[in-house]
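Two complexes come next, and they have one chain in common, chain A, joined by chain B in the first and chain C in the second.
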Partner chain A sequence: MITLDRASLRYGPILGLSPTTFQLPEGGGITGLLGPNGAGKSSLLQLLSGLLPPSGGGVKVFGEAPFRNPSVLARLGLVPEGDRLPSGLSADRWLRMMGELSGLSGEGLKAAMARALGIVGMADRAHLTFSRMSKGMRQRIRLAQALLHEPELLILDEPFSGLDPEARLTLMALLRDLAEKGTRILVSSHILGEIAQLTDRILLLFRGRLLAEGSVTEIRQLLDRHPVELRLTGEAQALARWAVEQPELAALRMEDGAVVISVRSPRDLLPRLQKAAAEGGIPLRALDPLDLNLDAVFQYLTKDHA
Partner chain B sequence: MPIYAPTLPPAPDLHQGHPPALVLMRFDFTRLWRQKIGRFFGFAFLMMLLWKVARIYVDHLLQTNQAFRPMQDFAKTVLTQGADFQADLLNPASYLLWFLVALVGGGLVARDTLYRVRPLMYAHPVAPKDYLLAKLGFASALPFTILLPFALLPWLMSLLLAGTSGPVWVTVPLRLLPAMAVSSVLMGSLAVGASSMAATPRAGIGWVLGLVLGTGTLATMIHGLTGIRAIDGLNPVMLAEAWPQLFVGVEHPMVAWLPAVLGTAFHIGIWTFVAARRTRPSEVVI
Partner chain C sequence: MTNAAPSPYRTLQATARGYAPRVLQGRGWVLAGLVVLPVGLSLIIFTLVRIRGGDASPAEAVKVFHEVLVKMMLPIMALVAAPAGIREDLEQRTLPLLLVRPAPAWALPLGKGLPWFAWGALWLTIAVLGLQVLGGDPSLLPGRIVAMVCAWWGELGLMTLVGLLFKRGTLWGALYFFLWEPLVRILPPFLQRLTFTHYIESLAGSRASEVHANQLLAQEQVNTHPFLACLALLVFGALCWALAGWKLNRTPIGLAGSEAEG
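For the complex of A and B:
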């Protein structure tokens, strides 16, 4: 569905995105585009949504270059960052114009508006002006405009920015529902927790470079320089004795009632740990991975490339 | 792992609607229609139009009623006659029209800049030229639509009252409509170019008024210093008023043909260029 082949983007002398290569397959699902401010997320989204041509390399969406390509643009929906909308304008008038710009008209447009407003739960409030809407409601309307023409690819730039927790959860549920129904969703954020709650598939950008792509677990396994930390809770002395005999052990730290071990290949160690615990060989009460989450992966990657 | 939907509903029927430029123009017209701004200007233009029509009737009375015959000579010295009268059908509305164009046109592009609407539009099958065409089309159609009754109603009134011998020439629409078109495009391109340089609608109004009055003052100063009348071709207000005079063949137009053509081409060219540059996709920020 999306192919970047050494695609880069320059803003004059400033490199917004270094030559980047990746592919996103056909079909539904959510991919998180993660990176701190200035990482190149918006640059990448500008390339994918056809707003700018790449300065180098190639970008293909649905097999074609998206820049000024109506056949590609008609198949994607964009929700840009920010929530500024003309304050005196009613949502339905705004949606009608956006729908017409997508090529809808007449009864088809009416049906599309009803469907999109129904999806975002705003069917009975679309007559309100934007000045009378909360931030969450405005974000839902922005999502509705992107859904009017039933895009196969939905691109959202920082969609959770400024939303309260309830509105955030509602929007996440909406996106998951859309993904389950077959829409490919690419959502950018600089907040790890948001992406971690939403999806396991990530593209990690840092300083204009794509550092990693894949699931959090896959990426974590590739970080050989940072052994996985596991907390083994139980009788600490006995657990430490068992751990030091394991060839994968890189480091060990004693805690009160637990031992924290760093291992290089947890996939090899864990079956043996499981077997030893099942046979009563070690007094293990609990096992907690400490740095298998997105937060740790992000920190390791950005630290390595800083 | 991505989740694939077993079946997908049929995609909506796209490519059924109007061209994007037309959709955007209609949206701007609807927005203007709902604004209260139209009440004041509507009243002011209506009063002017009534005065024009009344003038035709007065002229008719002077010609046909014996009781008014002694006033004929006086009226001829006070009221414009001949080609000047034909051109004057449009001119008194000029300043008010410029003000309306500044007020409405100043926000046309600036409002989209403020609300960051262009990234959204360009992410639809809307090309930058569609956007520019819509804005220029709207900003030019607005003064043209307002001027239209000024050209047609007095003409129609004159025809009804006195036939081909009335005070308004029978061929006036053929002369005034092209003049209105040129003046309207001049006003529209200047408004859109100025608006594209502003970040808010209010700033856009300021830009339009600043450019109109600024270039006008500059041209007048240079004219005064050098004595070269052709410099008035840089004054957009004078240009807009000169076109009807040129088309009806006034003996001493405000600006001669060549400076008018060059000045109008300069303004339309430069402000359209500015607007095109400022509304490029690379100027929008997601």
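For the complex of A and C:
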């Protein structure tokens, strides 16, 4: 569905995206595009959505270059970052225009509008002008315009920015639902927790470079040289005595009723830990991985490349 | 679901219809006021003079038409309306939402400009009709209406193009209208043809019979056949709209609204 072959993007003298290569296969699912501000997420999304042509290399979406390519643009939807909508128009009039510009007309357009507005829960408020809508409502309308023509690929740039918690949850549920129905969704965010709630598949960008791709676990496996922190809850003294005998131990600190250990190669250590706990060799009540999450992965990788 | 990309005609229709309500908002009424106010004010003065038993000169209509509408209001209208066209989407960063559609991008400037053209043409026509009350020559009425509407088409197209070519398009437009156009009185004949004023006067009749000794032209005033003058304005306008579409179509415009090196 998406192929980048050493695609790069320059803004004059500034490199927005270093030569990047990756592929996203056909089919539904959500892929998260992660990175701090300025990492190149929007640059990548602009290449994929055909707004900008690559400065070097090649970009193919549905097998074709997307820049000003109607056959590609007819199959993708874009929800850009920010709260930008044309002033002075009502949502339904604007959506009708967007539908017509996507090739819809007549009853098909009416049905598409009703469906898209229904999906985003704005069917009864579409007559309002944008200036009379809340930010969350405008975000829903922006999503509706991208869904009008039932795109196979939906690209969202920082869609959760500025939304209240309830609106975020609603949008996440909506995206999951669309993905289950076969839409391929590419969503960018600089907030790791948002992506972690949506998907396990991520592309990690930093300073215009694609650092890693895969699931959180896969990426974490790339980082074996970074110790994993585990919290062992139980009798701290006994747990510490057991831990210091393990060859994988890199660091240890005591907490109230627990011990936090940093270990290399947790895949070697964990079976022994489980066995010792099962046999009653150590007084372990709970085991919590502290950094096997996106934040830790992100921090490790960006630290390496900073 | 994959739909066929809309034709250029459908794109023009959709964009013009979608943005049509914008002309009924603040900027649209400013545009209307620009032409209606001077004519309305002239009518009020004209009426007051007649009530007091005076005799208003028909030359006043000619003066208002040439000195106020053609020289000042028409360029100001173009300077006011063009930034509300496709340039507005560029500045408000809403253009990417249009450009990710399969519709032909080159049709968007004209599609968004058409409601402004229609709205301006309506009020220009009303203004020219209002001048008849001041004593305008009925035989010149069709020519004046055609001149204003065609010049409006050309000037709006020019300003739309300049707005896409330059960041300070309004400034360049203002310099053209208020520095170059007045030079028509001293320009040699072939350069007179590079002004809107020349074609407007060729269509609507010039003020040659009204000028006094101290207003004698520095150069011989040339005339273009009205049909050719009308054609020139229409073709020039169409060329400007086409170039604006071409510029938009070939320019990479990202989410930040700026151009990227492609």
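The rule is simple: the second predicted complex is superposed on the first by the 305 of 306 C-alpha atoms of A that agree within 3 Å, B and C clash if a C-alpha of one lies under 4 Å from a C-alpha of the other, contacts with A are read in each partner's own complex, and residues count from 1 in each chain.
Assume a contact is a pair of C-beta atoms (placed from the backbone, for glycine too) under 8 Å apart; a residue touches a chain by one contact, two chains touch by 3 or more.
What you are looking at is a predicted structure, and each value in this text was computed from that prediction instead of being measured.
Superposition model on chain A: chain B and chain C are shown in a clashing arrangement. By the touch criterion defined above, A:G106 lies against chain B but remains apart from chain C after alignment on the C-alpha atoms of chain A.
When the shared chain is aligned, chain B comes close enough to touch A:G28, but chain C does not.
Once chain A of one complex is fitted onto chain A of the other, the partner contacts of A:L230 are absent, as it touches neither chain B nor chain C.
In the superposition on chain A, A:I202 contacts neither chain B nor chain C.
Of the two partner chains, chain C is the only one touched by A:S55; chain B is not. When the two structures are aligned on the shared chain, A:G12 is found in touch with chain C, with no touch to chain B. Contacts of A:Q46 after superposition on the shared chain: both chain B and chain C are touched.
When both complexes are overlaid on chain A, the residue A:R93 reaches chain B and chain C alike.
Touch criterion met: A:K181 reaches chain B, while chain C stays clear of it.
Within chain A, the residues touched by chain B in the first complex and by chain C in the second are 42, 45-46, 49-52, 68, 70, 73-74, 76-78, 80-82, 84-86, 89, 93, 97-98, 100-105, 108, 145, 149-150, 157. Those residues of chain C whose C-beta lies close enough to touch chain A in the complex are 1-6, 10-11, 13-15, 17-19, 21-22, 25, 88-89, 92-94, 96-105, 249, 252-256, 258, 260-262. For chain A in complex with chain C, the residues that touch the partner chain are 9-12, 16, 42, 45-46, 49-55, 67-68, 70-71, 73-78, 80-82, 84-90, 93-94, 96-98, 100-105, 108, 142, 145, 149-150, 152, 157. Interface residues of chain A, counted against chain B in their complex, comprise 25, 27-29, 42, 45-46, 49-52, 68, 70, 73-74, 76-78, 80-82, 84-86, 89, 93, 97-98, 100-106, 108-109, 111-112, 145, 148-150, 157, 179-182, 184, 201.
Listed in rising order, the residues of chain B touching chain A in the complex are 1-5, 8-9, 11-18, 20, 23-24, 27, 30-31, 111, 114-117, 119-127, 281-282, 284-286.
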